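Take a look at the structures below.
Okay, so subunit A shows up in both of these, paired with subunit B first and subunit C after.
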Partner chain A sequence: MSVLRPLDRLPGLNTATILLVGTEDALLQQLADSMLKEDCTSELKVHLARSLPLPCSVNRPRIDLIVFVVNLHSKHSLQSVEESLCHLDAAFFLGKVAFLATGAGRDSHCSIHRNTVVKLAHTYRSPLLFCDLEIEDFRAAMAQRLVRLLQICAGHVPGVSALNLLSLLRGSENPSLEDL
Partner chain B sequence: METQSEEQAVTKPADSGGEGGPPQVAGAQAVRPEDRMTLLLRLRAQTKQQLLEYKSMVDAHEEKTPEQIMQEKQIEAKIEELENEVEEAKTAFEMKKLALDSVLMNNMKQILNLNKLIMKSQQETWDLEEKLLDVRKKRLQLKQASERKLSEIQTEKNKQKDDLDSMENSDKIKTIQQKLETEIQITTVIQHVFQNLILGSKVNWAEDPALKETVLQLEKNLTMI
Partner chain C sequence: MDSYDAPELTPRQDASSRLKDFFIGATPLQKRLESVRKQTSFIPTPPRRKIPQGSQLQEDVDPQKFAVLLHKQWTLYSLTPLYKFSYTDFKEYSKLLTAFIAAEKKKGLAVEVGDDFNIKVIFSTLMGVKGTERDPEAFLVQILSKSQLPSEHKEGKVLWTGWFCCVFGDSLLETVSEDFTCLPLFLANGAETNTAIIGTWFQKTFDCYFRPLAISSFNLSWMAAMWTACKMDHYMATTEFLWSVPCSPHSLDISYAIHPEDAKALWDNVHKTPGEVTQEEVDLFMDCLYSHFHRHFKIHLSATRLVRVSTSVASAHTDGKIKVSLKKSSYFFLFLHSF
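For the complex of A and B:
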């Protein structure tokens, strides 16, 4: 199918669209609901998908931010995410992609090591967020962060662009990452 | 190989109160004019930012990307280099902004000081004008008071004159005057009669002092009294 490009459509007025990609449907739905409950001056649109590529028959608005949700408990989710990454245009990785790792709280169930996800995020030069999406408070906090991120990526915040934010977020990364 | 993935879309209704669905810029009728103005301003800022982003992408695409296939390490090194360049550009920009801001701050402070001075002098001018107004008012009041006093004096004088005139013209005085005249006439006649009596009797009135006095008394002209 087609490669997803970040700027192939014109932005909708006062609209920001986020695409959540992940294999865990329930978690994605919960996260989407938390995000929609957030107070935001722009109109939010949340699209959910199991994997890329997306069917191009659907008329969808310009996607401002893509969040790949990886569940540390299942190797399948990591594999599906890695496969989906190939269908993205390189321009997306200039700040419009983020990785979200969930399930790090219960270390005994984790089948994927933390460092794997960290390396993946480092390879694609995108920010990595950790959150236990099953706990409601953490989910709400993460939803708030994602809404702010989405607003910046959609260009609704004057003076800050997605690329700017990317370099800002990079500064707070663990310095030991450079050794990888 | 291509997986047809399901896609679900969930939307949030606009916060201006309209139903979910395509965003309405005009909003529901409940939106007040101020909200509309803030919405328009926000949309303007958004569109500006989005335009800036598109422009920068266009500029970025004009740069030629290296076509040769490099090793991964080299690619990593190149990426690090580019990232460093971006950071340096950002810091330089921030320094320039700080320098400009300090100049701006100075200007603003000067403007504030001047404004304060202006306000002070305006206040002083106002006070002086007030004082001037007070003095003028007092002068006017004094003038009016003196005018009144003078007119009072005038009326008093006129009254006195009138009284005097009326007194002169009153009838009582006239009758008394007439009476006086008639009495004088009668007395004059009596004088003449006595005079003629004494002269007619051919007596030597100069020898008797009492007689002499009586004759001289009769000589008096009563109209001269």
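For the complex of A and C:
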């Protein structure tokens, strides 16, 4: 079983790579397109995958950020994400993993409770982002945010590292979470 | 938020946000802030519901009145609290509502000779249809057709029925001030036009707002689990689920029927804690059904959307339509509590 490690390859020059993992192909494709439209000083590479582990045969660059996309309308996407999380090296969870939950706007279509995803993100100590990827404006805003996050995780922003950002994001949440 | 309908709020959240404008005193505002603080607990806990032991309220329920509520398809609406509603003014309300309905129906038509309205509206309380002692009493509104011949004295045919209730609304009742009656659930059976007219009258008279209540797939799976958990002597109908697969050009519907005894046996294997139903048990129950279906048909039902659940106890559709088939009133509270 191949496990994805964060530092097993050398970084490319001025390149930042993001891996989007999720079962909703159309949404991932749209998000990838939105991200590539963004103005960015670094060269962006977006990889899409339905689940981990990734096939070994492909020659891929070092992955700087992994975003797991969970669709709140489909329990299948949550189960697929939970299974994929086993194939990641623990070092990835030091700021290089984020969860993105989509579909919260249409409550009548939701089959997963919001707290389930919040608990998942809390268990893996990673930030959780909510965005309705079907709405273009929200998707564009989230793409902007992800590009910025990616630049930090790739080390292209001086003075901020992935781990630094993670502790900043956690500090803004309710301190009672730390007790759990 | 332009491309689809505004997100449906549960009655709890809807009432809280609308009550914001009504408070002027410090004490109700403090009470409301306190309840909001309690609701948004940051600790993520999966939902867990108690199976209510409604035995203490069972005796109050009038079986004849209760029979009105069974075997009918109800459309659900969520309702904001009613301002200055009184249980003693029912005769007054009946008269006003009858006049209002007759006026609405006559709008646009030529003036008819004849002073007698051919419909009659009756308001009555439904004793015992509530969860705890604090809940306000439920009440029923019926439109009956009056027979034209004065010699016949029997009651006319029921044209439309609607009832308002509040079950286990403790968190809502804390935020409501004295003049308001909190009955967040409204169920209607009958013609849409009548529902609209009655709704307009209530909105004008009591300054409230109706909104259609949609049941999410998440809540439908909870209902399926809780209704399957009911112990029955004999089952009248199979347990049926309906899923909607979103695909173009027309969506596909998958229907899955299980023998009710098998469903109950599955639930008994899954259910561990007596008197309480947890999120894990509901998830496990549904996952068993999904994996069984996947083994035979290689289709992931978990990627589709649960649209309808039908058991011997009751059935519910995601559009907000429910039907209760059970005579035993204790299970009735079970289904109302599911909201």
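Just so it is clear, the second predicted complex is superposed on the first by the 173 of 180 C-alpha atoms of A that agree within 3 Å, B and C clash if a C-alpha of one lies under 4 Å from a C-alpha of the other, contacts with A are read in each partner's own complex, and residues count from 1 in each chain.
Just so it is clear, contacts are C-beta pairs under 8 Å (C-beta built on N, C-alpha and C of every residue); 3 or more make two chains touch, one makes a residue touch a chain.
Worth saying up front: this structure is predicted, and the values here are computed from it rather than measured.
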{"item": "Which superposed partner A:R9 touches (first subunit B, second subunit C, both, neither)", "value": "neither"}
{"item": "Contacts of A:K119 with subunit B and subunit C, given as first, second, both or neither", "value": "second"}
{"item": "Subunit B versus subunit C as contact partner of A:L44, first or second or both or neither", "value": "first"}
{"item": "First (subunit B), second (subunit C), both or neither touched by A:I135", "value": "second"}
{"item": "Touched subunit A residues, subunit B compared with subunit C", "value": "B"}
{"item": "Subunit A-touching residues of subunit B, taken from the complex the two chains share", "value": "2-15, 23, 25, 39, 42-43, 45-46, 48-50, 52-54, 56-57, 79, 83, 86-87, 90"}
{"item": "Subunit C partner contacts - residues on subunit A that touch it in the complex", "value": "23, 73-77, 79, 105-113, 115-116, 118-119, 122, 134-135, 173-174, 176-177, 180"}
{"item": "Subunit A contact footprint on subunit C (complex, rising order)", "value": "1-4, 7-9, 42-47, 214-218, 221, 279, 283, 286, 290, 300, 302-306, 318"}
{"item": "List of subunit A residues in touch with subunit B within their complex", "value": "1, 7, 11-15, 32-33, 36, 39-55, 58, 60, 91, 125, 154-159, 161-164, 167, 170"}
